[in-house]
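As written, the chain order gives the labels A, B, C and D, with residue 1 at the start of each chain.
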Amino acid sequence: MSGEGGADRPTGDAAGEWTPGEWTAGEMMTIAASRALDPDDVCFVGIGAPSAACNLARLTRAPHLTLIYESGTLAARPDVLPLSIGDGELAETAVATVSVPEMFRYWLQGGHVDVGFLGAAQLDRFGNINTTVIGDWDDPKVRLPGSGGASEIASQCGRVFVTIAHSPRALVDAVDFTTSLGFGPTGTERTAAGITTKGPVLVVTDLCTLRPDPDTHELVVDALHPGVTREEVVAATGWDVAFADDRGGELARTAAPTERELEVLRHLHARTEQAHAGG
Amino acid sequence: MSGEGGADRPTGDAAGEWTPGEWTAGEMMTIAASRALDPDDVCFVGIGAPSAACNLARLTRAPHLTLIYESGTLAARPDVLPLSIGDGELAETAVATVSVPEMFRYWLQGGHVDVGFLGAAQLDRFGNINTTVIGDWDDPKVRLPGSGGASEIASQCGRVFVTIAHSPRALVDAVDFTTSLGFGPTGTERTAAGITTKGPVLVVTDLCTLRPDPDTHELVVDALHPGVTREEVVAATGWDVAFADDRGGELARTAAPTERELEVLRHLHARTEQAHAGG
Amino acid sequence: MATFPTLHDAVADAVHDGDTVALEGFTHLIPFAAGHEVIRQGRRDLTLIRMTPDLLYDQMIGMGCARRLVFSWGGNPGVGSLRRFRDAVEHGWPHELHLEEHAHAAMASAWEAGAAGLPMALLRAYQGTSLPDVNNRIGSVTCPFTGEELTAVPALRPDVGIVHAQRADRDGNVLVEGIIGVQKEVVLASRRSIVTVEEIVDDLAAPSLNSCVIPGWTIDAIVATPNGAHPSYAHGYYDRDNAFYMAWDEIASDRERFLAWMDDHVMAVSA
Amino acid sequence: MATFPTLHDAVADAVHDGDTVALEGFTHLIPFAAGHEVIRQGRRDLTLIRMTPDLLYDQMIGMGCARRLVFSWGGNPGVGSLRRFRDAVEHGWPHELHLEEHAHAAMASAWEAGAAGLPMALLRAYQGTSLPDVNNRIGSVTCPFTGEELTAVPALRPDVGIVHAQRADRDGNVLVEGIIGVQKEVVLASRRSIVTVEEIVDDLAAPSLNSCVIPGWTIDAIVATPNGAHPSYAHGYYDRDNAFYMAWDEIASDRERFLAWMDDHVMAVSA
């Protein structure tokens, strides 16, 4: 839930300067994530790349996508990306804004959200997420922000999408702390606990997409982004990562961003940067 | 919580026709009850005589009295008495109208109400109230409306006032069913249960007022309304009722209604009858 | 996602014999038109849930729709008895009616818990009262932090929830304004939901960012039903018909008079 | 009944060393001016409660006010870390800070339970996460109707609750509009409460009958504090100063730079 970082932005900050056919790895991540949303989804949105992906989808192929932010804004339609989950723009464009207890009790716990869209500091091979601490909680190497809404977004939304920049320190064999449950430490604990929601069905990085093996729940690379090699993904992953074609499936190639996707995303970022720079 | 009945209304229905110095027993009951409210009280109002008493107080000596109706209207200031606890007039004149779960959870259970004002079908010597059933619950002689908000008004408001028309069938030795706890079947159970609110500190009938004995919690007549005799009260009470002067205290005489009290109450009723007759 | 069927079709699709059905509205916004359609369609053996059964359930009980009633205050507000309800409870007419009786506090919390997707509501209630003696659905849990025994009641999660509201927009978002009662909770807690509204508009025109809006994606069917709450009311559209509430006392006091009134005013009317 | 003291007096009356204090506002309406007054008055050993500590608690922690923090998300929204919070947790500067860490769902429900006068909140939470391993205030109860094990957390009932809001009328009724967060819950759940507002007006002008209004009789002190939420915002009055939130990252990255900034912008200012 911290910022999405610079990787998602083109180096030139004016929306008109990009060259069609060129894009950053961060843009590819956001665009690939945006494509995973169904047009009628009700989506609980984290800040950063999740918010960019959801709003890109809403502004392109899924105009009826319903976005919920944990600040209580139902069906928000922001014109710029909010810096926080509580920017005024969200309340102004929402169908309604409810209290935070109502948001978590009636809307999330009540089962009215289809997709939870989360970021992560660490993600392990079974889709468990850490946004709390690197090292021990009692004696942290790096203290991260913590759960916010994520713990229950992960267990109570119908399905979960995760976006994360690919690196061996981010995609790890086992998380230091389970802030948000994926499929559990051995891939079996989610089902064993009787949780009926589907969990992390899709992980989108800046290199590839991963989906859980239907039996073991281990995350498996099912598509490489344009220009990315298997070796790059292996090198950037903290576990001995499997690919779909290792398992009898097909390893796909992510479609390149369309001009329209890039244009809308860059305009969105340009409007956002202008808005947050202060007036 | 059923209607207050005809006893509270002057026989002539036009507000200008009464003779100063004359009043009905029902008017005396409502006026005596209205005098018990402190000007800064926050009061949870039942329908019927309680509503008349509370609004009379608000329109005379306690303009800052805060009235809450269980429909969720906070600080309502109706111009006519509502027929139901959910008339539109209440929402229109309230500081705010909240949901019914919020009303019962935050406002009543949360401890933000000083006085609960209840009616009763049966009231026993220890202030327990029955508004549920005459006879057995399983095989009722008369099925009454039931609790509504009353059970928790009785236990969660700081103190409780009860208004009831005096008769041996109404003021009974023991209630057929405890809808709302007074001091319990033997006068000791409220305290034993650890309930810290004061319970029924005042009962106002059309003949007298009763207050609980500080030790036994038995209701004792502490004031007779003008013109009422001890014998009338004894005859109209279903238990061997005690009077304050039997217990070493003073048996007072309720002050007669003032012209101002009668005028405001009758105008209120006249406005109310005109409003509810339909247009 | 909300659809916009006729009242006949909405009720026929959602309400079946034996269902648990809540038609709510706390004095305000009671869905009388939808309830009358349930009566016309001849539904039987329903478990009816309402905090205040009001005239609508008096009518549905008197017409034989209900086998069971979950409620917390069964009177004619400000008038007195619900005479058809009493006739069912006291004399089994038109047939026996099983009661699950609560107080408002527990039932309001049970709606909250239903909307919150929990199996039970937690509150402080019923201390020293007789209600737990006649309702075995009143339980308790012990607070693990303080040791206090608290009241537990099952969450309300009906098969069908039906409410009335002021208006909907064309995406199915519904505005409720004034005495909002448990309207939102009923829709969120029910497996299937119908919302009748005074009108369907292009712009919902919610007066506040925090207005009580029930989003379209949580509702199954929305039906434009002008005057659909009468003799209850729709704040901003028409007032409560208090004169009718007073007149009902006599209409409902006699079985034949009641049946004749229902024939003329409900059965002979088309949705 | 609400009084109208100065900010200095309101804080001096309500907040004492060692108190449990919540200054809430979910991104919106964060009571910065009141928090700065707590810093200026030199309060120590506070248990601070906030779902999102935000820059305000970064400042209070860095200035040594807090001994303990109850929270559920400790970042600079959209920017990254709270560097003073991290310095306290990672390096004990200016002194050790004990954490009671939750997730939003539990903390939101704990506020609901506090406002509802209950000792505990009931919810479904934390399944399969590590949080119960590091927080012994996460318990459970078993539903007596279904046998399901549900999560229990203690209700939040602080000594002092402080929130900002748009405006109050002269009876002390307060309007909160937009992202209302837990503002009402904090006031209702706290033993003592302070509400700072942009302005005090003759007519509250709540836009809806169902607007979020906190009635005056539930509030102890109301203080007109224009701009009192900056760099957070007051919907309808001024926008969130996102540029300052981004700038804070560098200000707070260095202990000396932070202290110098606080001296200039907080300590040298009078209430």
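Descriptive notes on the structure:
Convention: a residue touches a chain if its C-beta (ideal position, glycine included) is under 8 Å from a C-beta of that chain, and two chains touch if they have at least 3 such contacts.
Predicted model, so just to flag it, every value in this text is computed and none were measured.
The chain pair with the larger count of C-beta pairs in contact, out of B-D and B-C, is B-C. Centre-to-centre separation between chain B and chain D, using Cα means, comes to 41 Å.
Taking each chain's centre as the mean of its C-alpha atoms, chain A lies 28 Å from chain D.
Centre-to-centre spacing of chain A and chain B amounts to 59 Å, using the average Cα coordinate of each chain.
Shared interface positions of chain B, defined as residues touching 2 or more other chains, are 91, 97-98, 105, 109. Taken residue by residue, chain C touches two or more other chains at 112, 116-118, 123-124, 178, 180, 184-185, 206, 209-212, 235, whereas all remaining positions touch fewer.
Interchain contacts give a graph that is no line, ring or star and is not complete, per the touch definition above. Pairs of chains in mutual contact: A-C, A-D, B-C, B-D, C-D. Residue ranges on chain B touching chain C, taken from their complex, read 1-3, 47-48, 70-73, 82-88, 90-91, 97-101, 103-105, 108-109, 132, 137-138, 140-152, 155-156, 177-181, 184, 189-190, 193, 195, 275-278.
If you check the complex, the residues on chain B that touch chain D are 40, 42, 66, 74-75, 91-92, 94-98, 105-106, 109-112.
By the touch criterion stated above, chain D contacts chain C in their complex at residues 116-120, 122-124, 137, 139-146, 148, 150, 152, 154, 176-178, 180, 206-212, 235. Only residues 1, 112, 115-118, 173, 184-185, 188-189, 204, 206, 209-213, 215, 217-218 of chain C touch chain A when the two sit together in their complex.
For chain C in complex with chain B, the residues that touch the partner chain are 26-28, 51-52, 71-75, 77-82, 85-86, 89-90, 101-105, 108-109, 111-112, 123-131, 133-134, 178-182, 184-185, 212, 233, 235, 239-246.
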